[in-house]
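Structure, as structure tokens:
Here the chain labels run A, B, C and D in written order, and each chain numbers its own residues starting at 1.
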Amino acid sequence: MFMFEKAIAGSRRYWTWLFGLLCVTAAGFISYLYQLNVGLGVTGMSRDVSWGLYIAQFTFFVGVAASAVMVVLPYYLHDYKQFGRITILGEFLAISAVIMCCLFIFVDLGQPMRVLNIILYPTPWSLMFWDMISLSGYLVLNVIITLVMLTAEREEVPAPGWIKPVILLSIPWAVSIHTVTAFLYSGLPGRAFWLTAILAPRFLASAFASGPALLILFCLVLRRLTGFDAGQKAIEKLAVIVTYATIINIFFILVEAFTVLYGRIPGDVQHLEYLYWGLDGNYHLVPWMWLSISLGVAALILLLVPAWRTSPSLLPVACVFVFLSLWLDKGLGLIVGGFVPSPLEAVTQYTPTLPEWSIVMGIWAIGALLITVFYKIALSVREELGELAGVQHSIVPEAESHQAAPSIVSTRMQQAD
Amino acid sequence: MRDRIWIIAGLALFAVVVTAPFWSERTPAKDLTKVPNLVLPVNQKDCVAPVSYMRASHMVLLLRWREEAVRQGQRRYVAFDGKVYDKSLTKTCLGCHNKEQFCDRCHTYAGVSGPYCWNCHNQPQTNVAGISPRSMP
Amino acid sequence: MKITRKDFLRLSGLSFLAAGTLEAARAVAGSDSSAQNSPGKPSAQPVRWGMVVDVQKCRKDQGCDACIGACNSAHNVPHLADPKHEVKWIWTEPFENVFPFEQSEYAQQTDAGIPIPLMCNHCASPPCVHVCPTQATWKRDDGIVMMDWHRCIGCRYCMAACPYGSRSFNWVDPRPAIAHINPDFPTRTKGVVEKCNFCEERLAQGLRPACVEACPEKALVFGNLADPNSEPRQLLRKRFAVQREPELGTGPSIYYLV
Amino acid sequence: MNALYSVLVVLALVLAGLAGGRVEAGRAVLTLAVPYAALAIFLVGFFARVLRWAWVPVPFHIPTTCGQQKALAWIKPSKVDNPSSRWGVFARMAAEILLFRSLFRNNRARMAEKRLILGESKYLWLGALAFHWALLLIQLRHLRLFIEPVPAWIDGLERLDSFFQVGAPQIYLSDVIVLAALAYLLYRRFRDPAVRFISLFTDYFALFLLLGVAVSGVLMRYFVRVDILSVKQFALSLAAFHPIDPSTLNPLFLAHLLLVCTLAAYFPFSKLMHMGGVFLSPTRNLANDSRRRRHVNPWNYPVKKHTYAEWEEEFRDKLKAAGIPLEADDAGNARTN
């Protein structure tokens, strides 16, 4: 069996899961058709809060995509062997996340039919142009890398030499996607909340916390559901990365808060006020933002104590906390907080609507679907290789003829067009 | 042998589909060669380009006008016969032609659903007779 | 006479050069006459359209919205009931929201609550133009920040970039919300951004902006800021004027006489 | 060489179309005789070919399969890849016809590390799938020229195909895909020495002909631009058997028409017949139930049966005399016991 065949041969549980995801995707698609027909007015966005959940999700998942570098870098630059089994999981996570990002941008466009204008009229002074370049480039890089590496693994041949520089290129590229995404916001003169040099570092820190946390959760789920074991050492190392990134992220948030609050420039303070204390009687996001902080602190405590960090029951809790905390912070507060109050001091409440949530869930479902299929392929390839190795150890000649015969029979030369 | 019935049924279906245009009763044969009933401007003989060009390539002209008028601020169009027109879909084209009776009829006939012009541009209420091309300056 | 290869090359080179010079000359001459939409006569001198809003005059006529009405009907600006979906080209906001930092605790608050007419500032260095990924919005030579509604993809990056809240998005189809469609000006389609265009379509015909003509108090003064003798420049010489958030370096072309 | 010849033939056809459009007689032939003749050849040829196949006997079900056969209850059968029921066959045929399942299973053998490696090869599948679906979409879209008024679903297809607003006339995605896919399929024949070696004139000719049709169509829509009004008028008049003389038609249109007609007329004699043939693939359209059901060939001649019981009866006395035990009696004895 070949790589892509493995995606269409699975257990009942696998197919049920995929079917469920497809249903959510279909619901999202129907909502999108509704949005396409009526206009973005079906969302909760408004003249003052003109970006909402879509762009926030985009920002968050760019971080998840960039975080693949946290497994690629130790493995390829520092030869940290323990990550050998999970680099491909990180890269597949990156591919799925980048595709989700593109979809989030697409559904956010008022005129999606004209999306190609970005390419037809390239505008190098617009950061969005560079974001398009960096995201699509990162997607292409990761697709090439995973395809080549997994094929080499399946065929049990060394990967071609040219892939190494491509992998090395993907490391700074991962940093670039989140930096450029931060620059989308931090270069706008009128939006004090984003107009800060620490936005890009903060994005990276939060990405390197949330992405590896998600990866740990995936590894634990895979260990539960399949025979795949990422290795305790690898998971522990990832947990250490999450810990450091969480510390740095909280540090960055505090630095930012200090500058704004101690500096007391009203235009800067207002945004934090709106998010954490409420402004003009609008306390809409306050509980969520404090929940984010509480979850972040709780996760940090869990992660800081080595015994808890390595505990099989507490580590997933800490990872869920980190993920949720950062999702609330970046996937909700960061974008809305930048728009409220508006340049004309208006405080406009933003509440995502049902169609909006439905579309967002549809894109999550697509992401989950992709990651499921990708992991299924990767793990099946490994599983097969493992079985093959086991058989060959016991009865070498028979096993070889046995294994080879059906494949040769099925080798056909197709000439049809 | 038992399958022949299926094969023949499939072939019959294929024949029906392929020859659909020939037996389709949608339009009586005598009307088939009739062009859509286009209402042409009464008091205006000339267009901004020869009819043959306009029939085949009006969309290219419109797109060029759009770029030049909106983006480059060049609003005057010197036609092939030396007359000068405003580069304006609303004022120049629709000043003579009627959207429903001209544009739409042909587009519906040819199945060209495309143009999104009408999402924004309107049929002006101006008197058709009042519009005439300015002469060369 | 025999033309050698060398002669031939020299000749053809010269003719190319001549053609090129002609072409260049034509281009230079062409750029002069085009795109300068000065009302009345075409002029070679630089143009930067701008406006001076005399808040004193406007204040006298409380409740007057002639400028807004004129603009809305000229440009098919829809009137949407839902404030979240509003489309605004020219509108008013209370003084303290427009100039929040002109307020102080103890000084006399004469201006508090006064409606200030707002519109696109047609900045000298417009942030919206810098961010637009498709060049659907750009700055013309005459200072007008233009929009090409054919090209806008509706990403709303310009709305995030504009520090003045001057841009509106068509969250829904605007047509049902327009009482009387002015057929001479296009409506917009849903999903594009729009804003004040300084009535560039009227300027092209040698007319002044609709809001300026509609103002019964002549509180809106429009003219060429690059011309020292223009009406707005004379006003700015005589009286104290402010711009909105000049510290951002955007260089608004709208001045307020307070 | 094969490739060159086929290019030359296609070019000759294009030139014939272009040149024929310039003279009265040529136009008449191109617009009257050629289309009807091509359609007649296509239909008759197609039918004759399929019916000939229909009369070829299929002796018994062929269990050429790609999965576990239905066997014992605790062995999980592969219901689609090795179907035992009519519905399984239906699914397998649908996967074959709509998704090109067989091509998806392609692989590629190569030597590396001193051993044979079977790697996957999905590009042909991808190219073929893209080409066929885009071509179907293009054909359905063309119905707008033959049917008046245009049905809503064709309008919808056209809208979907030109979803992205690029240029005027708006670009069709299917046009881009069909050209890219054809270019890839052609490139594939040139690139691989093995494929190049087995490629015949007909392989190239079909590709170049399709490419010619696609390119001339794209030229007509985006670059040269013909008057769609007279094209539709002409198409409708053809369908009504009252062809008009399309003097206003662009020669490029006539070249396009000639290429299409050539394709139609060439179709029944070529490998393109896989369009009909794919439905008759015995290894795909038969259920693998040969071990569960008795298949009797309906055309078998009647076999004269002579059972042992009859034979024993015939020679009963002689057998008895020879002392050979008789089965009939034994059975009788056994019963009495």
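Assume a residue touches a chain if its C-beta (ideal position, glycine included) is under 8 Å from a C-beta of that chain, and two chains touch if they have at least 3 such contacts.
Keep in mind that this is a model prediction, so the values were computed, not measured.
Of the two chain pairs examined here, A-D and B-C, the one linked by more C-beta pairs in contact is A-D. Inter-chain spacing, taken between the CA centroids of chain A and chain B, is 48 Å. One simple way to say how far apart two chains are is to compare their mean CA positions; for chain A and chain D this gives 43 Å. Averaged C-alpha coordinates give centres for chain C and chain D that are 61 Å from one another.
For this pair, chain B with chain C, the centres built from the Cα atoms lie 35 Å apart. Taken residue by residue, chain C touches two or more other chains at 189-190, whereas all remaining positions touch fewer.
Those residues of chain B in touch with two or more other chains are numbered 116. Within chain D, the positions touching two or more other chains are listed as 165. Chain contacts in this assembly form a single closed ring in which each chain touches exactly two others. A complete list of chain pairs in contact reads A-C, A-D, B-C, B-D.
By the touch criterion stated above, chain A contacts chain D in their complex at residues 2-5, 111, 113-116, 120, 151, 155-157, 404, 407-408, 410-417.
Contacts from chain B toward chain D in the complex involve residues 1-4, 7-8, 10-11, 14-15, 18-22, 24, 26-27, 29, 32-33, 35, 52, 55-57, 59-60, 62-63, 106, 108-116.
Within the complex formed with chain A, the chain C residues making contact are 82-88, 93, 96-98, 100-101, 118, 127, 130-136, 151-157, 159-165, 168-173, 189-193, 245, 248-250. Residue ranges on chain B touching chain C, taken from their complex, read 66, 70-75, 90-91, 116, 119-126. Contacts from chain D toward chain B in the complex involve residues 42-43, 46-47, 50-51, 53-55, 57-58, 143-150, 154-155, 158-159, 162, 165, 167-170, 225-229, 232-233, 235-237, 239-242, 244, 248, 276, 279-280, 298-299.
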